[in-house]
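Each structure below appears as structure tokens.
Okay, so chain A shows up in both of these, paired with chain B first and chain C after.
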Partner chain A sequence: MDVILFTFFALVAIVGAVSLVLQKHPISSALSLVSVMVALSVLFLLLGAEFIAAAQLVVYSGAIMVLFVFVIMLLNAGAERESRKGGLAQFLGLPLTAILLVFASYVITQSMSNAKAVKFGAFTGGGPREVGWELFTRYLLPFEVTSILILIAIAGAVVLARKEID
Partner chain B sequence: MNPAAFYPTATDYLRFLPELILTIGGVLLLVLEALTGDNKDKSSLGYLAIAVVLGAMFAVPVALANPGTSFNGMIVSDGFAAFFRMVTLLVGLFTLLCSTSYLSREKANTGEFYLLVLFSLAGQGIMAASNELIMVFLGLEIASISSYVLAGFLRDDKRGSEAALKYFLLGSFATAFLLYGISWIYGVTGATNLVAIRESLAAGTSGNSMAVAAAALMLIGLAFKVSAAPFQAWAPDVYQGAPAPVSGFLSAGPKAAAFAIFLRIFQTSFESFSSRYEPVLWILALATMLVGNFSALWQSNVKRMLAYSSIAHAGYVLVAVTTNSNVGTAAAMFYLAAYALMNFGAFAAVTHLAGRGESHVTIDDLKGLASKQPVVAGLLTVCLLSLTGVPLTAGFFGKFYIFKAAIDNHLYWLSALGLLNSAIAAYYYLRILAAMYMHEPKTTDHPEPVPGGIQLTMWFSAAGILTLGVFPGLVLDYANRFATFVK
Partner chain C sequence: MTHLLPPEFFTATVPLNAYLILSAILFAIGACGFMFRKNIITIYMCIELMLNAVNLSFVTFSYQFGKVDGQIYSFFVMVVAAAEAAVGLAIILTIFRNRGTLQIDEIDTLKN
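Entry: the complex of A and B
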């Protein structure tokens, strides 16, 4: 059952990701991203990371994607125009991606053949209590430093979006 | 478990003091910027930022006096971290000194500029001191995001905006590689702490080829940040399009911090398979030197030429990294300090000479500078001679120690090709010198006076270059003493 669920949602995530890139209209791309996020949250849930699964669903598929769609609607973005300036990337892009994927899967199968596969449901401690405990004890500093990262992103957005400088 | 075991102690804070001061100063600046009126002169905020950086510089020895890891092994305060904190803070100080007059000239003197510089410095400090891949990522992102915005700070300038967008897109792409590598390493070793990764890999229980692949992914991310070929494509466009003081900042500060983390990760965590990545670094170093030097030959824009030269210099540092030895690490440290002085000195001169809207940045514009502004020409000459690697300058000893380390570690071909490269590099630096000294000025208009901050920066870097050129031991002894990592 776990394997079936995993295969199904992993496929949904991959198809969604590919369609995100291929879609011509920004709204279709955004909706593809929603499906990727939802599938990912199911994968987290299968691994036993309940809190992250919920956060993924609420924050990414919920809040952030709504914002995305809003901005796209407000900007009135139309369908993408084809640019004919792909050059080298047009011919090399796909083969190189394929090589990277083949290489990655080769490495994984090589080194993981004797290792234990992930057991679904074997992992416990993905609840809010445990995550909160780790965040405020061992990972206190990264947690606090993340706030600087967010602050600088907001300040940067304000700088770039201001009307004019004089 | 008892949460009290995790409470940070006073020593923890002391080890993190430089970044704390920068962050608090940055937030203070943010509030003050909002409180001062729109039409007020914002130069005073620049002076406050300079004071904050000076405060952080005084905090570096305090952190060094309390060596060890803090916040549960997230940050390590050692001589290596202190060295790179000092280098990045010095670059930040120069940037702030040059920016006040630059921003007034471009009519863009707002407080946000200074606060972005401060936060970027905090990010670079975190990179220099991080002992944990999560902190590496956070520090890198803080430094990078502020850099993206700084590159496009003059929003009405088309080239600046283009530079910022290119930098942002390619930079995020590179960070994705780094993150992917980190996630692989966590999958293999179950750890993100640099020392814990080393122990897990040494125990050899987990898939080693997967760890090598993870190291390769992280190498790509870091090679981008230090602008190593073939990941250098962004650098010329960004350095040319960004405001001149920002170009100087980007080419010296974040690059030094990225090299710091490069050295720390590869010599702490991945040391056990150094023989496997050494050939890759070898090729990377050579390609970076070749691409940088040969492309710089054809440039007529001084900023773009300095961008390619900064790629070439990253190549020299990569030679030192390739040696994978303490001598090499010390040579890289010395070189990055010397490079910060000479490169920023050159960019400070460009900041002054570019004029309003940066309309005078070609080599033709420098013609006859020696008769018009002999002092600026003289100080720029010191920087350029040091970049060339002429004896009695810091650049000479920088190259000397790097190639000495390479030969000591039997990298004969790489040293020979590297020396050949620095001979090629002499050509384009001499082109600028020839334009300054052997031509008549194009126009006879009166030169603008050099702003105090830029003057101070140029004098300081020239003095630093000559001091290190005569007494290299001042920095090298320190570098040699602290070129080892906590393992």
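Entry: the complex of A and C
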């Protein structure tokens, strides 16, 4: 059952990611990204990360993607035009990415040869209770710094996006 | 349905490397999109895809070590991504208001 679920949702994620890159219209890309995020949230659940799976659905595919779709609609963004002004990335991009991927896969298979097999339900330390406990004890300072970061982000977004009033 | 399939089918497990390689594949696809696309919003979404791929790695290692720390890090990545999306989309709005375009190769004032 684990194998079926992993294979299905991994394929959904990869197809969605390829579709995100290949679609010409931003709104199609946004919907592909939502499918990738939902598939990833199921994979998080398979890895025992219940809280992160829920946060992925709520924060990413809920809040952030709605923001993206809002901006796409607000700017009335159409399909992008073809342009050949790519420069170096146009020629070197694909080979270099392929090299990165092959190298990363090689390193993973070499260094992780004694890795555990993933079995659903084997790791139960990812619920809201455990995550919250760690977050408010050992990671309290980073958590508070994060709240300041979000405050700055709110102020920055308001300042950047407001209309100039003389 | 249960008696039609061999029992090993339901107990088979996925190697941890499969998750890590999936994460690498998603990251590579996101990097490709970042380099080849010309629409500033799509490029932004490719960055989000790369962040998601890294999150998958964090959660996978959290499983490997049996600790919750990796999940905390991926939680922080999510929070930073949310802040980044808010500021970045505000920047995109400002660029569009000033330039009237979303094509990144038409926004090249610093180059000249």
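Quick note on the criterion: the second predicted complex is superposed on the first by the 155 of 166 C-alpha atoms of A that agree within 3 Å, B and C clash if a C-alpha of one lies under 4 Å from a C-alpha of the other, contacts with A are read in each partner's own complex, and residues count from 1 in each chain.
What we mean here is this: a contact is a pair of C-beta atoms (placed from the backbone, for glycine too) under 8 Å apart; a residue touches a chain by one contact, two chains touch by 3 or more.
From a predicted model like this one, the values you see are computed outputs, not experimental measurements.
Q: Output check: A:Leu160 vs chain B and chain C. Expected answer is one of first, second, both, neither. What do you get?
A: both
Q: Is A:Leu31 touching anything from chain B or chain C once the two structures are fitted on A? First, second, both or neither.
A: neither
Q: Taking the superposition on A as described, I'd like to know which of chain B and chain C A:Leu74 touches: first, second, both or neither.
A: second
Q: So in the superposed three-chain picture, is A:Val12 touching just chain B, just chain C, both, or none of them (first/second/both/neither)?
A: neither
Q: Touch test for A:Tyr139: chain B only (first), chain C only (second), both, or neither?
A: After superposing on A, A:Tyr139 lies in contact with both chain B and chain C.
Q: Tell me which touches more residues of chain A here: chain C or chain B.
A: C
Q: Looking at the overlay, does A:Ile108 come into contact with chain B only (first), chain C only (second), both, or neither?
A: In the superposition, A:Ile108 contacts both chain B and chain C.
Q: According to the stated criteria, A:Leu149 is in contact with first (chain B), second (chain C), both, or neither; which is it?
A: both
Q: Once the shared chain is lined up, is A:Ala54 touching chain B (first), chain C (second), both, or neither of them?
A: It touches nothing on chain B or chain C.
Q: Touch check for A:Ala63: first (chain B), second (chain C), both, or neither?
A: Second partner only.
Q: Take the contacts of chain A with chain B and those with chain C, and give the residues found in both.
A: Looking at chain A, the two contact sets intersect at 104, 108, 112, 115, 139, 142, 146, 149, 152-153, 156, 158, 160.
Q: Hey, which residues of chain A end up touching chain C in the complex?
A: Touching chain C from chain A are residues 1-3, 6, 10, 13-14, 17-18, 20-21, 26, 29-30, 33, 36-37, 40, 43-44, 46-49, 51-52, 55-56, 59-60, 63-64, 67-68, 71-72, 74-75, 77, 80-81, 83, 85-86, 89-90, 93-94, 97-98, 100-101, 104-105, 108-109, 112, 115-119, 123, 125-126, 130-131, 134-135, 139, 142, 146, 149-150, 152-154, 156-158, 160-161.
Q: So in the complex, the part of chain A that touches chain B is made up of which residues?
A: 103-104, 107-108, 110-112, 115, 133, 136-142, 145-146, 148-149, 151-153, 155-156, 158-160, 162, 164-166
Q: Would you pull the chain C residues touching chain A in the complex into a rising list?
A: The contact residues of chain C facing chain A are 9-10, 12-22, 24-33, 35-39, 41-42, 44-46, 48-49, 52, 55-56, 59-60, 62-64, 66-69, 71-72, 74-76, 78-87, 89-94, 96, 102-103, 105.
Q: Quick check: in the complex, which residue numbers of chain B touch chain A?
A: Interface residues on the chain B side: 1, 3, 5-6, 8, 16, 23, 27, 30, 70-72, 74-75, 107-108, 110, 112, 115-116, 119, 122-123, 126, 132, 134-135, 138-139, 141-142, 145-146, 148-149, 152-156, 164, 188, 206-210, 213.
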